[in-house]
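Take a look at the structures below.
Consider the two complexes below, in which chain A is the common component and chain B and chain C are the respective partners.
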Partner chain A sequence: MAQPLSKAESSYTAAGLLNSQRPDGRSLLDYRPITLATGVAPTANGSARARIGDTDVVVAVKLDMQRMDEEDEEEGRCVCSVECSPSAFPHLDRDALSDLSTDLTDHLRTYLTPLLTSPQLLIIPHARRWQLAVDALVLAHSGNLHDTLFAAARSALWDLRLPRTRGVVYDAPGTGVGGDGSGTGSVERAGVLDHMRGMGRQAVDFELEDGADEGLPLEGRDDLPVCLTMNLLSPVYYLDATSVEEACSPTRLLLFVRPSGTLCGIQKLGSAELHPSELKQALQEGVKHAKEMAGTMNRRLREPTTRSLGSNLGPFS
Partner chain B sequence: MDMDWDFDDEGVQKLTSPGEVITSATQFMRGHGTFVEDNDVVASLSGTIERVNKLVSVRALRTRYHGEVGDLVVGRITEVQAARWKVDVNGHQDALLRLSSVNLPGGVQRRKLESDELEMRKFFEEGDLLVAEVQPTHGDGALNLHTRSLKYGKLRNGQLVTVSPVLIRRRNSHFCSLPCGVDLILGMNGYIWIAKHVAENQKEGEEGFDAEAVYSNKNDDIDMETRAAISRVSNLIHVFARRSIPITDAILAEAYDWAVQQETSPSDLLRADVGDTMVAMVTALA
Partner chain C sequence: MSRFEPLNAGNLRSDGRRPLELRSFSAQLTTHPSADGSASVSHGLTQVTACVYGPREAKNRGQTMHDRALVNVEVSVAPWAGEMRRQRARGDKRTLEFAASIKATFEPVIQTTLYPRSEIHIHIHVLQLDGGLLQASINATTLALIDAGIPMLDYVSSLSAGLYLTTAMLDLTSIEESDLPSVTVAVLPRSGKVTLVSMETRLHVDRFEEMFKLAMEGGKVLRGEMDRIVRERTAALARQMEGGGGTKEEDKMDTDDL
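What follows is the complex of A and B.
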């Protein structure tokens, strides 16, 4: 993924890391400044831009109404796509770039799909639901792309507003319910019922209560996991690697951690083997830091901001 | 003719942006970064206006490196080809380094043999960094490099920092030594090599040509203080580059002293407030 380094460069960097000295003078577990901005894309239902160091990712979430068929309960709840701008990876050719985009798209889909089980996304049970189209664009890359991508995705979901809906049933003459007692005998006349009653009568359609920019935030958005990449260079491990440092670590672990401290996913990148004792220590340390990061991120996102201007929430570390 | 548009009172060149009318086309000739429309010379780039006699051109603020003969550049090998290497020098296309333009073991004047061609990766392989000089270029704009001097060749014992090429000024020597025990190579292409200081009499190849040492991939032992100094210099360069301040050894030495006096750790410099204070202090002194 990164540009190849010369042997002298990588041994210089690795020797420094083993002595807890990074090329930019940070300590091994320090992050570069993180900047988050929400509401950056006015036409999306939720959007955010995240920067860690010089790595820059924009994510936009768009809602789409989807008909549910019996078989695809799980499939198609969210459609992800990650695009890498060629200017962010000048040394990659087109094939390598599209491979990278596919990899990141897979990561993003695996991360998001289990999160989007909220009943809030159902419009009419067994018939209609909201489908999330999550599009990410990598604008610049200087290492630690995964953390930036998932931080942006998380903030975009935080920013997401789901429009409220009402179920609609067709009210056949003579079977009128409740407030629709004065049935006029017109078959076309649709009686609008509230959501719960609509469900009982098997709503067939819905209408929006909210305009495009209004709606409810996603339930449980405080509890969305953050991603933290642990770079392992036995026996040390370090966070938020720059491109050069990434090239020096044979193994990277992506940890997905909820703000409560629950580890809800691990992914290993790189082909080097990993000793169990080393893994245990790295996990403990990683979860601790991810929890701290998620807490800070939540605090910053909760602060009242002017949404329309693409409020700037960083930098913090 | 009033020449006010060229320089303001302090001699700072005027900035322009695309579409801005610079001057009248009847009096001046259009140069790079400009075009003529309705008898006006109009900028097509954002940058500074430059004038040589009647020729008006715009030098872009953000650009890739345009090579000039004799420039010192730092580059990275991207490809090994037949009897030549391709080198990334931050230009529009990769530069070329011919096998005949490098020093080979066994004497500078030696003929290149077929066996040399077969072991080109012994000298430079993909990813290697080198410092070289630009030779007369090809017709298509690709640069030719050479390393036929003991000063040039493979780089080790340090780290690379990349800035915009416009921030590096042409000067007598691009090899600088800072008082803090760090050597700098300011490549005209915006690649800056920061390395441990090597005393003049310990440089490779002083007596005869030691190919082992010149093409070595092994670093010397570097102590923690030197590493910290290298990190600090690299962060200082980042801070200056982010604020578009031209990088010279004098300003870096000044900034380094300030940073040491303030007892900031190298990573503190990456914080915006510390960076701002540092830049304000150092530019006030200069």
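What follows is the complex of A and C.
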């Protein structure tokens, strides 16, 4: 993924890491500064931009109304895509870039979107539901892309607002509802009854109660997992690797951990072998760090200032 | 739904602007950490980022020219940019055509003869789309090229103009763009030369001149704004190089103004 690294540089960096020395002076478990901004794309229903060091990812979530067939499962469905900008990976050619995009899309599809099956996404049973489209754009890359991507995706889902809907039923003229005789208004004569009076009937259509920016937040948004990449360079491990450091770790372990500490996914990258006992230790440590990170992220997202950061994160300099 | 009214009885447009009023324009330089030059520009809700790489050795040696630099433009549109989610493939015809028109706009303005056998690569990201894509991309590219320190003859500033009945209006949003005939003009404000005129709709020839002149005038105004932003940024950098105390605070104030 990273630029090809010379043997000398790689062994120099690895020797430093084994000695708990990193080129930028961090300790092995330190992260670079993390910046989160939500609401960066006004045309999307939820959006966020995350930056870890110089790695920069924008994620936007759009809602789309989807018609369901009778046999479709009830929960909403998700589509996702990750696009890697050539300006983030100037040394990669087109094919390599699209391979990388596909890889990252698979990660999102495997570890994040299956968790987004809230009954909230259902508008009318058996008929209509919201489809979530989670789209990511990698603008700049300097290592630790997975963590940044998931932090951005999670914050975008945090920012998402689902508009409230009201079901509309169709009532043939003359049949009335409950025979209360109240429905003499023009609305009823047209055959359209309010959801409240047509209770118990199957709604055929819906109206939006909310404007574009209003609505309810996604249920369970504070329980979505974060991604934590453990770079294993036996016997040490380090977090938040830069591109150079990534290139000299033989095994990388992606952990997807909920703030409660539950592990919902593990992915091993790299060709080196891993002993089960090493894995066990790495898991224990990793889950601890990820839990801490998720807790901090939730706290920061709850602060109202995150939203007002808006699209201007300030220049790099 | 009632019909869209581009200009109401009070001579106001759908978003409350006067016909010749521009949307709020803001720009930032050096928004990308690894590009040689980059800029992010927004016209109202349209937001575009341009990154410039080079002059550098060309990736594809076969394309290089012995007497001048090659200008490459690549455009990518975020799937969420427009009203509907839409994923565009890389070789999308419309995007390629768009990139070609930006390339044609800048080729005569960049002093390519100074960098023989090399390549200048421009990458444009469209993050938000609400009309005026071409103008925003051109303005962002100008600023990114300046940020990269690539010599040009002049700023290239671009603006779109539309026509409703007999009233010309500037800087169209996407609803207006879909309803009205529009033209996008890119000018070199100092010499008054035009490097791009793009019109994809039909328009009576008698009305064209008025729109064209207005767009040129507007371009000159935008040039003033871009020049101010570049000067502010350069002044901030110069202060940082001198290493005077309190630079941080002044720098912060500058970005707040943008």
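Here is the rule we use: the second predicted complex is superposed on the first by the 276 of 317 C-alpha atoms of A that agree within 3 Å, B and C clash if a C-alpha of one lies under 4 Å from a C-alpha of the other, contacts with A are read in each partner's own complex, and residues count from 1 in each chain.
Simple rule for what comes next: a contact is a pair of C-beta atoms (placed from the backbone, for glycine too) under 8 Å apart; a residue touches a chain by one contact, two chains touch by 3 or more.
This structure is a prediction, so every number in the text was calculated from the model and none was measured.
Trainee: Assess the superposed three-chain arrangement around chain A: do chain B and chain C clash, or do they fit?
Mentor: clash
Trainee: Of the partners chain B and chain C, which touch A:Arg94 in the superposed model: first, second, both, neither?
Mentor: A:Arg94: touches chain C, not chain B.
Trainee: Would you sort A:Thr13 into first (chain B), second (chain C), both or neither based on which partner it touches?
Mentor: The first partner, chain B, only.
Trainee: Pick one for A:Val58: touches chain B only (first), chain C only (second), both, or neither.
Mentor: second
Trainee: Between chain B (first) and chain C (second), which does A:Asp135 come into contact with in this model arrangement: first, second, both, or neither?
Mentor: Second partner only.
Trainee: With the two complexes superposed on chain A, say which partner A:Thr43 touches: chain B (first), chain C (second), both, or neither.
Mentor: It touches chain C, and chain B stays clear.
Trainee: After superposing on the shared chain, does chain C or chain B touch more chain A residues?
Mentor: It is C that touches the greater number of chain A residues.
Trainee: What stretch of chain C clashes with chain B when the complexes are fitted on chain A: 1-9, 19-27, 91-99 or 145-153?
Mentor: Only one listed stretch clashes with chain B, namely 145-153.
Trainee: Based on the A-chain superposition described above, do chain B and chain C contact any of the same residues on chain A, and if so which?
Mentor: 315
Trainee: Chain B touches which residues of chain A in the complex?
Mentor: 3-9, 11-13, 15-16, 19, 21-27, 30, 32-33, 91, 244, 315
Trainee: Going by the contact rule at the top, pick out the chain A residues touching chain C in the complex.
Mentor: Residues 41-44, 47, 54, 56, 58, 60, 62, 64, 81, 83, 85-88, 90, 93-94, 98, 133, 135, 137, 139-140, 142, 311-312, 314-317 of chain A touch chain C in their complex.
Trainee: Considering the complex alone, what residue numbers of chain B touch chain A?
Mentor: Contact set of chain B toward chain A: 76, 78, 88, 126-129, 154-160, 217-219, 222, 224, 227-228, 230-232, 234-235, 238, 265-267, 269-272.
Trainee: If we count contacts the way the header does, which residues on chain C are in touch with chain A in the complex?
Mentor: That would be residues 26, 28-35, 38, 42, 45, 47, 49, 51, 53, 59, 74, 76, 78-83, 85, 87, 90, 123, 125, 127-130, 237, 240, 255, 258 of chain C.
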